[in-house]
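These notes are about the structure you will find just below.
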Amino acid sequence: MNKDVAIIGVGQTAFVRSYPGAVREMVFEAFAEAVRDAGITPREIGASLVCSAPEYDKQRSPAGMVAEYLGLNPQPTFVLENICASGTTGVRVAYSLIKAGLHDIVAVIGFQKMSELSSAESQERMGRGADIMWEAPFGTMMPAYYAMHARAHFAKYGTTEEDLALVRVKASRYGALNDRAVFRKEVTKEQCLSAGVVASPLKVYDCCANADGASCLILANAVRAKEISEKPVWILGLGAASASMNLTGRDSLEGLEVTRLAAREAYQMAGLSPRDIDVAEVHDCFTIAELLAYEDLGFAEPGKGTDLLRAGETQIGGRIPVNVDGGLLSKGHPIGATGGSQVRTIVLQLRGEAGPMQVPGAEVGLVQNIGGVGIYSNVIILGR
Amino acid sequence: MNKDVAIIGVGQTAFVRSYPGAVREMVFEAFAEAVRDAGITPREIGASLVCSAPEYDKQRSPAGMVAEYLGLNPQPTFVLENICASGTTGVRVAYSLIKAGLHDIVAVIGFQKMSELSSAESQERMGRGADIMWEAPFGTMMPAYYAMHARAHFAKYGTTEEDLALVRVKASRYGALNDRAVFRKEVTKEQCLSAGVVASPLKVYDCCANADGASCLILANAVRAKEISEKPVWILGLGAASASMNLTGRDSLEGLEVTRLAAREAYQMAGLSPRDIDVAEVHDCFTIAELLAYEDLGFAEPGKGTDLLRAGETQIGGRIPVNVDGGLLSKGHPIGATGGSQVRTIVLQLRGEAGPMQVPGAEVGLVQNIGGVGIYSNVIILGR
Amino acid sequence: MGFEKFGHKSYTALTKVAGFVDRLVQGELFATRCSGCGRIYFPPRADCAGCLGSAMQWEKIPEKGKLVSFTRVNYAPAGFEADVPYTLALVDFGEVKVFGRLGSTVAEDEIKVGMELKPLVVTLPDGQLTYEFVLGNHKA
Amino acid sequence: MGFEKFGHKSYTALTKVAGFVDRLVQGELFATRCSGCGRIYFPPRADCAGCLGSAMQWEKIPEKGKLVSFTRVNYAPAGFEADVPYTLALVDFGEVKVFGRLGSTVAEDEIKVGMELKPLVVTLPDGQLTYEFVLGNHKA
């Protein structure tokens, strides 16, 4: 078992509709929490990786601003971007910097202040996440792409809008328990099914909530982790892959090959299989994405994700609890902060510190984080 | 001597005022050249790192677009940003991914198409490279910051505008020899001194040329490098540091502490000293920056950079030839492509393939690449 | 220049495949095929990711495709607000797939994954050129 | 809100140190000092990078500073075009340095690195608030 690099500190702001301060002040909250959690001082941090989708920020090159505010000069700092998967790419790069011997301790800082831009500015940027030459000119947005994946899954496997509603009902139940979540109301299947259509078959409650927020993870090499931490959480497996930005380059839409590839790599590196996972955080930016993840991660056979869901096997007490912190759907999705928040949830689970969301006895956890509509996928396996 | 990771392929487009095609087509040129130079196929590349300052590009998350166009799916890909130092941060991260064992071969792709935006859009972004809360509200731009460094150097050491002109005269002489340079005219000291003032004491010829361009580097681990390459160029030393974005946080302006720290780290890792460097590429976005680099890199004592320059020691045939490809000043500065282009120049030098710009017998070379006004600095030492 | 004529809204003017628009003007939808290795590409490209060659030939998209998936959108990004609702679709033409909008002549209740569709080049009221997917028996 | 009143052009409205602007309204330029560890900060901050505390006190910038460096700019980014030429400066007030513009009352030929300057709060014609550096004997 790979026990070279560990996560020794985690922090996260509450995810909120509109953070009442500057980006730097929001980032500071998550950072201070992570540094205190790790029991170190900022001086001990060898480098900081700043994960963000830069078009949502007015500050150019936010790494400089963030490092200055957090007292992380003169250590190296840079920005990493994989849209919504930026945070877990940060983990992959931090792992590498540490394992390569360049740094002993690295901070992975993720943030997004979606409220920094006006609604018109946001709408403008949304169109440019798809290929600006060949897809954006038709008027495309994220929900439309996931809707097309949903439609394909419906057509091939008989999945229904009710199945999608079940995903959201589960998310909302756990979101209500999570004091860092932006959406804390429970919603019923009926509410989900009667909500307005965003992009058929996806309706309002099938879509995650925009939010402002920041997250921070502190990673360390084995020697330092054991010195510093009583409960280090080890990076057992890492997998990453990409797919064509244009849908025309995808073999099929019923699943995300990009996740299947990343998962295979992560399981292989960890020497584990889907059956070994006790708790998982998957990228449920839309309800359909969670269903696809069940299948792409090997928790269910292709087309059988709905069986797992309907049987309640992805709730606490089930075979493989998924997104028991409310997921992106209820916790919220501040793009650059999301991956770090997912990892934080699993770290707390493996430490037994997840409070009302705790999965009893969880020893091995998995994070799946997607960038764009299946353009990027990172899978990370963590263990105590 | 560190010989774990080598550069086995380099490529670069000509740097031009306005590239007559799409970003992806421009990037392809540099990539195809690097892949052919390495003698590999795209399939063998384990990951691609895309280095760019994203605010100059209309495409959000260009890594996805670039990887698709270059045939680099399904391998992982992500964007790295350190403004002008993005490319060498790409080298640092590629080194780490390889040394950590996650990939055998990694492509570092840098680009910027400055002409993608209108002049008004560019002017808007320029103001947001400084701290948007505390410095940008005064109306700041890059030349102003370097001008303040120049003024401080003048005041402390007696440096003059003629010294700055000498830097540009040298750059233009070598730029004229470089068929990839955007500015190929030789300029005289008199032309430099009589040009219009941009930000006193910096005048038009003290500033580098904006350009469109792309660069690509292929890095490999030792086993693969020796299998594939007849002339691998090894990464002997790496150093990186950051400084406060706000000038108020800098101890002094007569040099860049960020480069001194990065250089110290790189020399230490390589087990070499400034005297061992046969040829260097330094970040001469402005003439003063080259002078500061002489001192910060240890080629001259503080305040003595002008002596080195006036004596012609930084020309071919001198003690330490610097920027003999024309530098950013004449070659041009397509932000994300710049670091890769600097490294390419040193690789060609160490292979003995630099043509009319060749420094005879060069065995060890150095690259210094700055992001923003001394916010980030990377120093890389390369050897045959 | 020239490519800014493509699409309901364009984000890119300069590309080596601006010839795509010239062919739209002729009412035809084209892919590119690599002269070196024979790979065919849609979207069209100036360079081949397979063999790294840059010699490409234009090749017409077939008349018969199958609907892979679709969605009817009620919200749109900036510049497309007036168009909603519209239907986005991915259609498989055998060697290549094509992404675009479904024509409004296709009734909402007859849209089905797997149905046969063909491409139709359309000039928009503002003079922009695009294509959409229509029924096989559609008369232009 | 409130911070958008600071500067010739503002890019940020929301910050926990918007009290900086309230003090500009009073004609005074303030730094913040950490109540926990005593570190002083300019620009002002809501949080201490030294001890990670978030209890800060406002503290006035001294009246006597020394010019560290300056530049007179002839080109400006968007929104500042009408202001050129103007002089940007960094001034050392001992415990903190402050970045800003030199007042137009300082004659160009008397500007020298090391000269003594003091801060002066200025209300711009459009109502925005800023500060500039002026000679020690300047009368407001």
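Observations, loosely collected:
Lettered A, B, C and D in written order, each chain numbered from 1.
We adopt the following convention: contacts are C-beta pairs under 8 Å (C-beta built on N, C-alpha and C of every residue); 3 or more make two chains touch, one makes a residue touch a chain.
Everything numeric here is computed off the predicted structure, so don't read it as measured data.
Fewest steps needed to get from chain A to chain C, stepping only to touching chains, is 1.
Look at the CA centroids: the one farthest from the centroid of chain B belongs to C. With centres defined as mean CA coordinates, chain D is found 33 Å away from chain B.
A straight line joining the Cα centres of chain B and chain C is 40 Å long.
Between chain C and chain D, the centres computed from C-alpha atoms are 55 Å apart.
Residue positions 11-12, 15 of chain C each touch two or more of the other chains.
Those residues of chain A in touch with two or more other chains are numbered 22, 58-59, 68, 128, 131-133, 246, 249.
Of all residues in chain B, those touching chain D in their complex are 120, 123-124, 126-128, 131-141, 143-144, 147-149, 151-152, 155, 196-202, 246-249, 253. Residues 11-12, 14-16, 45-47, 49-50, 52, 54 of chain D are the ones that touch chain A when the two sit in their complex.
Across the interface of their complex, chain B is touched by residues 3, 6-12, 15, 42-43, 68-80, 83, 86, 88, 90, 96-101, 113-114, 130 of chain D. Contacts from chain A toward chain D in the complex involve residues 19-22, 25, 28, 32, 35-36, 42, 58-59, 68-71.
By the touch criterion stated above, chain B contacts chain A in their complex at residues 22, 24, 47, 53-55, 58-61, 63-65, 67-68, 72-83, 86, 89, 92-93, 95-102, 125, 128-129, 131-133, 238, 240-246, 249, 257-258, 261, 371-372, 375-376.
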